[in-house]
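What follows is a set of structures for review.
Below, subunit A partners subunit B and then partners subunit C, in two separate complexes.
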Partner chain A sequence: MSIRIQRVPSENVAGGIAARLIAILLALLVAAIVFAISGADLGKLGSHVFKSTFGSRFGLMDLGLIVTPLILTGLAVTVAMKVGAWNIGAEGQFCAGAIAATAVALFVPGPTIVVLPLMFVAGAVGGMLWILIPTLARAYADVSELITTLLLNFVGALFIYYLATGPWLDPSGLSFAATKRLPHDVPSFWGDVHWGLPIAVLLTISLAGVLNYTRWGYEVRIAGSNPAAARYAAIPFRRHLIVVMLMSGAIAGLAGMFEVIGTTHRLQGGISNNFGYIGIMVAVLARGSAIGVIAGAALMAVILKSGIALQTQGVNISTVLALTGLILFFTAIGDELSHYRIVRSKPA
Partner chain B sequence: MDLLAGLIQTAILAGGVLALAALGEVLAERVGVVNLGVEGLIALGAITGIATVVAVPSPTLGLVLAMLVGLLAGMVFATATVIIRANQILCGLALTLMGTGVAAMVGKAYSGIPAPVTFAPIAIPFLSDLPLVGRALFTQNILVYVIYLVLPFALHHLLFRTRHGLDLRAVGENPAAADAAGIPVTRIRFWYVSAGAALAAGAGAYLTLAFVPSWSEGVVAGRGWIAVALVIFAGYRPWTAVGAALLFGLITSLGFVGQARNWPIAAPVLSMLPYLGTIALMIVPVLAWQKVRRLMAAPAALGEPYFRDVR
Partner chain C sequence: MVMNVMLDVDRMAASGVAGQPIVSLRGVAKHFPGVIANQDVDFDLLPGEIHALLGENGAGKSTLMNILTGIYRPDLGEIIIDGKAVTFASPVEAIAAGIGMVHQHFKLVKAFTVAENIHLGWSETPGRISKALLEARTAEIAASLNLAVKPGARVSDLSTGEQQRVEILRVLSRKARVLILDEPTAVLTPAEASELFKALRQFAARGNAVIFISHKLDEVLEISDRVTVLRGGRKVATRPTSECDKRGLARLMVGQEVVLSNMRERKPGAKPISDAPVLSLRNVSARDDLGNMCLKNVTLDLRAGEILGIAGVAGNGQKELSQVLTGVRRAASGEIRVCGKDLSSRGAEEFAAFGIGHIPEDRLHSGLAPALSITDNVVIREYGKAPLSQGWVYRPSAAAALARSIAEAASVSVPDFRMPVRNLSGGNQQRLVARREMRIASNLLVAAYPSRGLDVGAINAMMGYFTELRDAGVGVLFVSEELEELFKLSDRIAVMFHGEVMGVVDSSEVDIETIGLMMGGQRRLEAGSAEGIS
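== the complex of A and B ==
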C-alpha cells in the first residue's frame, strides 16, 4: 500500500473550517508574541480584553452594537461573491447609506414612526447608488468592480468629512467634525443594543433562504460559479449580476444607516471604522453560508472590540487591521491546502 | 503660465509614486500574478523610509531599506501565491491590510515629523533655464529621472527585447506551454513578483522622502489602488504606465493647485478628484476604443495559479 498526497478540485469542507480556526489561532499567537516582545503584560491585557467583552454587561452591549454593521457588511460581500463579483467597496456604500439616512433625519420633519422607515429606505438606496457605476461598468464594459468599488471608499470617507465639517456641521459649535445629534433613534431592546441587530440576523437568514431554495437563487449561484455554463443555460447573467450587486450595495448602505441612527447618533468622520474592510474578512470566514456570516461577524466583533479596549493600554487600534490581514492571509493559505487529500492506494 | 509650470511640476512629482508602484505591478502581472497588496507595500516602504532617515540622515539608505522590506514582504506574498498557490486576490487584500496596519502601528511614533533629509531637487544646467517648462521638467529630484526614464527603458527592453523577457511573458500568457518549453515557471513568478513588491515599497519611500515628505496615518491614501488601476489602463506596458502615471499625477496636482489658490471648491471635494478621475479613466477608454482592447489585453493567465499536474 502506498500513501501519497493529491490535489483535488473540490474543497474539503471540514478542512476549510479547520483551516479557519487554525488561521485565527495562529494570527492571535503572532499578535501575542509581538505584544510580549514589545514588553506588554499579556495576563493584564488578557484580563482587560475579557472584562471589556464577555466579562461585563457593557462589554456585551458593545459587542451587540459592533456585530450589527459587521453582519451587514459581511452579508453584502457574501451576496456579491455569490454572483462572482468582488464588492470591496462596502466601506464606501456604508458611508453613502449613513449620509443618505442622515439627510433624511436632518431635513425631513415628522414623528419618528414615519421618518424611521424613510431613513431605512434612504440608507439602502444610498448604498445602491454608490455601487451603481461600478456595477454598470462591470456589466457593460467588463471593468474590474474590485478596483472601482474600492476607489469609491476613499470618496465616501471624504464626502462624510466634507459634510460633517462643512454644510452639516453641528450649529451649536460644540463639535468640529460632526453633525448635531440626530432627532430620531432606532429603538433599543437591551441597554444600548438596538433593533438593527435582530434585523441584520433576520435579513441574513432570509437572504440565505432565497439564495439556497429559490429558482432565482439557483440561477444566481450558477451564474456566479460558471458564467459560461449559465449562458448556455439561457440564464441572464448580466441581469443577475446587476441585481445582486445593487442588493449588495443596499445591504452595506443599511449597515451605515443603522450605525448612524442607532449607534453614533451623529454623522462624523471615521464613522465607518473599517467595517467595510472587516466585512470582507467576515465573508471569507463565512464561506458563503448565513450561519457563517453571523459567526464570522461575532468573531470579528470580539477582535475589533478587544482592539478598541486595548487602546487604553497603549495598544494601537491599527493592530486590529494588521491582525485582520494576518487572519485573511492564513485563511487563504489554509483554503488552498484543504484541497489536498492523502490518498491510500493498494498496489495492483 | 506660472500656473501651468506649477501644475506640471507637481504632476511629475506626484505621478512618481504611482509610476514606480505601477512599474512593480507591471512586472508581477506580466508573469501572471495579480498583487493587490501594493497599497500595503507602499505604506511599509513609506514608514521604513522615514524611520531610516530619522535614525541615519541618508535618503538613499532609506530607499534601499524600504525596497528590502518590500522584497521580503513580496517573498512572503509570493510564497503564498506562487508556491502554495493560494487565492491571489485574498492574499493581496491581506497584504494590504497587514501593511497598512503595521505601518500605522510603527508610524505612531513618527507621525508629523518632517523628514530631516530628503531627495532634494537638482537643477540640470541650461535645460532648467528653458522658458515656460524648463524649471518644471528639469528641476526635479534624482528619483524622478530614474522613475520616468531609466526604469521604463530598462523594463521595456527586458520585456520586449530580450529572450528572458519573452520567457517571462510566456509564463504570464500560458504557463503550461512555458513549462513544457523548459522555462522555470515557479522560479520566474516568485522572483518577479518579489521584485515588483520591492518597487512598490520603493514608491512608498519616494512618497515620504521626496514628495510629501513626512509620515502621517492615511498618507498613502489609495495610491496603491490607483497604481493597480493604472496598470490595466496602460495595457501592462512600462512606457504607457509611466505616461499614465503622469496623467494621474496631473489630476492630483489639479487638486493641490486648487487648494493653494483658494478655488471656491472645498478641499475634501478636490481630494476626491484622483479617485473619481481613476474610475473615469478605467471606464471611458473601454467604451470609446473597442478595437484597442485586444492590444491592451491582460496576460492570458493573469490571476490563475499554475498546477503542473492539474490541467
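== the complex of A and C ==
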C-alpha cells in the first residue's frame, strides 16, 4: 500500500472550504507572530479588529456597505472572463455609473419611487457606455480590451473630480469636492445597509444560474474558451462578446450607482475607492465561479475593513498592505491545495 | 522485474546491438486520477538506433516520453542516462542532459522568425544580439545539421513540414543526443516525410538515437531498428524491426487479430445510391486565409449512400474544400447545393441544420475548446436540441448523460467528464470528435483526415462506422492522403491538385498508379465527372 498526493483537475468542495479556512487561520497566525515580535499588544489589536468587523453592529454594517460594490465589480470582471475578455476597467465603469445616477438624481424631478428605477437604469447604461468603445474595438478591430478599458479608468476618475469641483459642486459651499446631498436614497433594510447588498447577491446567483443552465450560457462558455470552435459550431462569437462585455460594464456601473445613491449620498472625488481594481482580485479569487465572487468579495471586505481598523490603532499603512498580501497569498495556496487529494494505491 | 531486465540485456547482447544504452527506463509508473498511464515500463535506447514506440490510443506513449523529458515526474521507477540514475525537474534539465522532444502539437512562437525561435530560451544565445547575427548563427547550425530552414522567415508563414524542421533544429542545436518525435508524420506530406526520414537516419548514424512514435505501421517498418509496444500503459514487447510485420505489430498493440475487410461491399438491406446528389458543387472557388485562390472551379457531385474519397497531397485545397462544404469558409464564387437547396452564401449554422457533420482537420484548434470539460466539448453539436435544451433552458445533467453515451460509443474511457478535454490522449480526442459528428450527419459527413492520430484498431472501427452511415443513406466525403485507405472505403475518388479537381474516378476501375499520376497534376477527363472543369 502506498500513499501519494495527486493533483485532480476538478476541485473537491469540502476539502476546498477546509483548505481555505486553514489558509486564513495560518495567515492570521503569521500576522500575530509579526505583531508580537514588534512588541504590539496582541490582545488589544485583535479585539479592536474584531470589534470593528464582526464584533459589533457598526462593524457588520460597514462590512455590508463595503461588500456590495465588491460583489458587483468582482461579478463584472468574472462575467467578462467567461467570454474571454479582461475587463480591467470596472473602476471607470463604476465612475460612469455613479455619474449617470447622480445626473438623474440632480436633474430629474419626481418622487423617489419613480426616480429610483430611473437611477438604476442610468447606472447600468452609464457603465455600458463606458465599455462600449473598448467592446467595439475588440469585436471589430481586435484591439486588446486590456489597454482600452484600463485607460478609460483614469478618464472616469478625473471626470468625477471635474464635475464634483466644477459644475455640480455643492452650492452651499460646505464642501469643495462633492455635490450636494442627493435628494433620493436607496432604502436601507438594516441600519445603514441598503438594498444594494441583497440585490447584488441576487444578481450574482441569477447570473450563475443563467451561465450554467441556459443555452446562451453554454454558447458564451464555448465562445470565450475558443473562438475558432465557436465559429465551427455556428455560435456567433462576436455577438456574445459584445453582449457579455456590455453586461459586464452595466454591472460595474450598478456598483457605482449603489455607492453614490446608497452609501455616500453625494458624488465626490475618489468615490470609487479602487473598488474596480479590487474587483479584479475578487474575480481571481473566485476562479471564474460566479458564486465564488460572493465569498471572494466577503473576504476582501473583511481584509479592507481590518486594515482600516489597524490603521486607526497606529499600525502603519505598509504593514497593513503587507498583511493583506499575506492573506491573499495564503488563500491562493489554499486554493491550489484544494485541487489535491491523497490517494492510497496498492502497488501493482 | 529484475529478472526481466536481465533477460532484456541478454537478448540485446545476443542480437549483436550491444553497447551501453544512452537511456534506460526501469519500472516507470505514472497514474492519473482513474487512469494508469504507465506501469512497470522498462525501456532501453541504444546509441545509433531509431526506436519506434507503438501502442493504441491512450496506451501511454506520450506520457512516457513526457516523463523522460521532465514534463511529468514518474510515480515510481527511475531514469538512467549513460548508466547514471537522474531526475529531471523540468524539460530544461532534460535537454541539458541531451534529451529533446518534438511534440504532437508544436510549441513554436508563431509571430517570431525561425532564428528567434531557435534562440529563444537558450543559454548559448549571445548576450548582445542583432537580427543578422541570429540569422547567421541559425544558418550555420542548420547547415552543420543538414536541415534546410529559412532563418529570416516568420514561423506563421511556414508549411507544417517546415515548422517541424524548425522544431527539430531547435532540439538538435542544443546538442541533443536523443531526439523524441511524437507522431511527426501525422501532418506531413509523403515528400516531407521522406525528407524527415533521411535527416533522422543521418542523425542516428552519428551515434545518436531517435525515439519515434507513430500509428503508421508501414513507416515504422521502414524507418526503425527496433520496436517497443505499449498496451494499457504496460510494455508488452521490444523486438528488432527485422522480425516484425504489420499484422504481428497490430496484434501486439491491440491484443487480438485485426481483420482488415473490404469495406466497399454493401450489406444486404443497405439503401441504394440515390440518383439525385445530396451535395453538388458547381464551379466553386475559394480563397485561403492569405487571400490566395486555393479552390478553382471545383465541380463535384456526391450522392446519398455513397462514399466519395478526396485524394491528393495535403495542402492542395482539401482543407478549404471541407470548410466550404460546412459553411465555415465562404466560397468566393460558384454554387453549393445540399439536398437541392442552394446554400452558397450561408453560414455554418444553416449547414449544420441540414444534417452535415464535420470532422475538421485540426481538431484541437477548431473542433474543440481544449480548456473546457469533456462534457461541454462532446455536446457542442446537440446542446441546442432536446433533451439537452428545452426552450432556452440548458440541462447539464442531460448533457452529462449524452457525453457518457458518446464516449461509450467511441470506446473512450473517461475517468472524469469534468476534466478538461486536453487531458485526453490525442487519439481519444479524435475519436470523440468523430463520434460526435457522425451523430448529426443525417445527410452528409465531411471527414478531413479522420484517421490522423488513430491507432489501427480505431481506424478500422471508424471506417466501419462510415460504412454504416453510407448504408443508411448518408453521403460521406472522405479526405485522406493514404491511398490504401481511400481504395478500401471509397466508391469514387476525386483527385485534387493545386486547388483543382483532376478528375473523378471509379475506385473499382482504377489503379493506384493512375491516382498517383493525377495527384502529381495529370488531368483525367472522363465523361460525366469533369464537365465543369474549364
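In this section, the second predicted complex is superposed on the first by the 268 of 348 C-alpha atoms of A that agree within 3 Å, B and C clash if a C-alpha of one lies under 4 Å from a C-alpha of the other, contacts with A are read in each partner's own complex, and residues count from 1 in each chain.
Here, a residue touches a chain if its C-beta (ideal position, glycine included) is under 8 Å from a C-beta of that chain, and two chains touch if they have at least 3 such contacts.
Keep in mind that this is a model prediction, so the values were computed, not measured.
S.K.: In the overlaid three-chain picture, which partner chain does A:Tyr162 touch, first (subunit B) or second (subunit C), both, or neither?
M.R.: first
S.K.: Once the structures are superposed on A, label A:Ala233 by its partner contacts, choosing first (subunit B), second (subunit C), both or neither.
M.R.: second
S.K.: Contact-wise, after the overlay, does A:Thr331 reach subunit B, subunit C, both or neither (first, second, both, neither)?
M.R.: First partner only.
S.K.: Looking at subunit A, which partner touches more of its residues: subunit C or subunit B?
M.R.: B
S.K.: Based on the superposed arrangement, let me know which partner A:Leu151 touches: subunit B (first), subunit C (second), both, or neither?
M.R.: first
S.K.: Classify the contacts of A:Ser225 with the two partner chains as first (subunit B alone), second (subunit C alone), both, or neither.
M.R.: In the superposition, A:Ser225 touches subunit C alone.
S.K.: Report for A:Leu174: first if it touches subunit B alone, second if subunit C alone, otherwise both or neither.
M.R.: In the superposition, A:Leu174 contacts neither subunit B nor subunit C.
S.K.: Need the overlap of the two footprints on subunit A, from subunit B and from subunit C, as residue ranges.
M.R.: Shared contact residues on subunit A (touching subunit B in one complex, subunit C in the other): 9.
S.K.: In their shared complex, at which residues does subunit B touch subunit A?
M.R.: 36, 40, 80, 84-87, 89-91, 93-102, 104-105, 108, 217, 221-222, 225-226, 228-229, 232, 266, 268-269, 271-272, 275-276, 278-279, 282-283, 286-287, 307, 309-310
S.K.: If we count contacts the way the header does, which residues on subunit A are in touch with subunit C in the complex?
M.R.: 4, 6, 8-10, 212-219, 221-222, 225-226, 228-229, 231-234, 343, 345, 347-348
S.K.: So in the complex, which bits of subunit C are touching subunit A?
M.R.: Residues 29, 31-33, 36, 39-40, 75-76, 327-328, 347-349, 351-352, 358, 360, 365-372, 376, 380-381, 383-384, 389, 392-396, 416, 418-420, 423 of subunit C touch subunit A in their complex.
S.K.: In their shared complex, at which residues does subunit A touch subunit B?
M.R.: Subunit A reaches subunit B through residues 7, 9, 86, 88, 133-134, 137, 141-144, 146-148, 150-155, 158-159, 161-162, 165-166, 277, 280, 284, 316, 318-326, 328-329, 331-333, 335-337.
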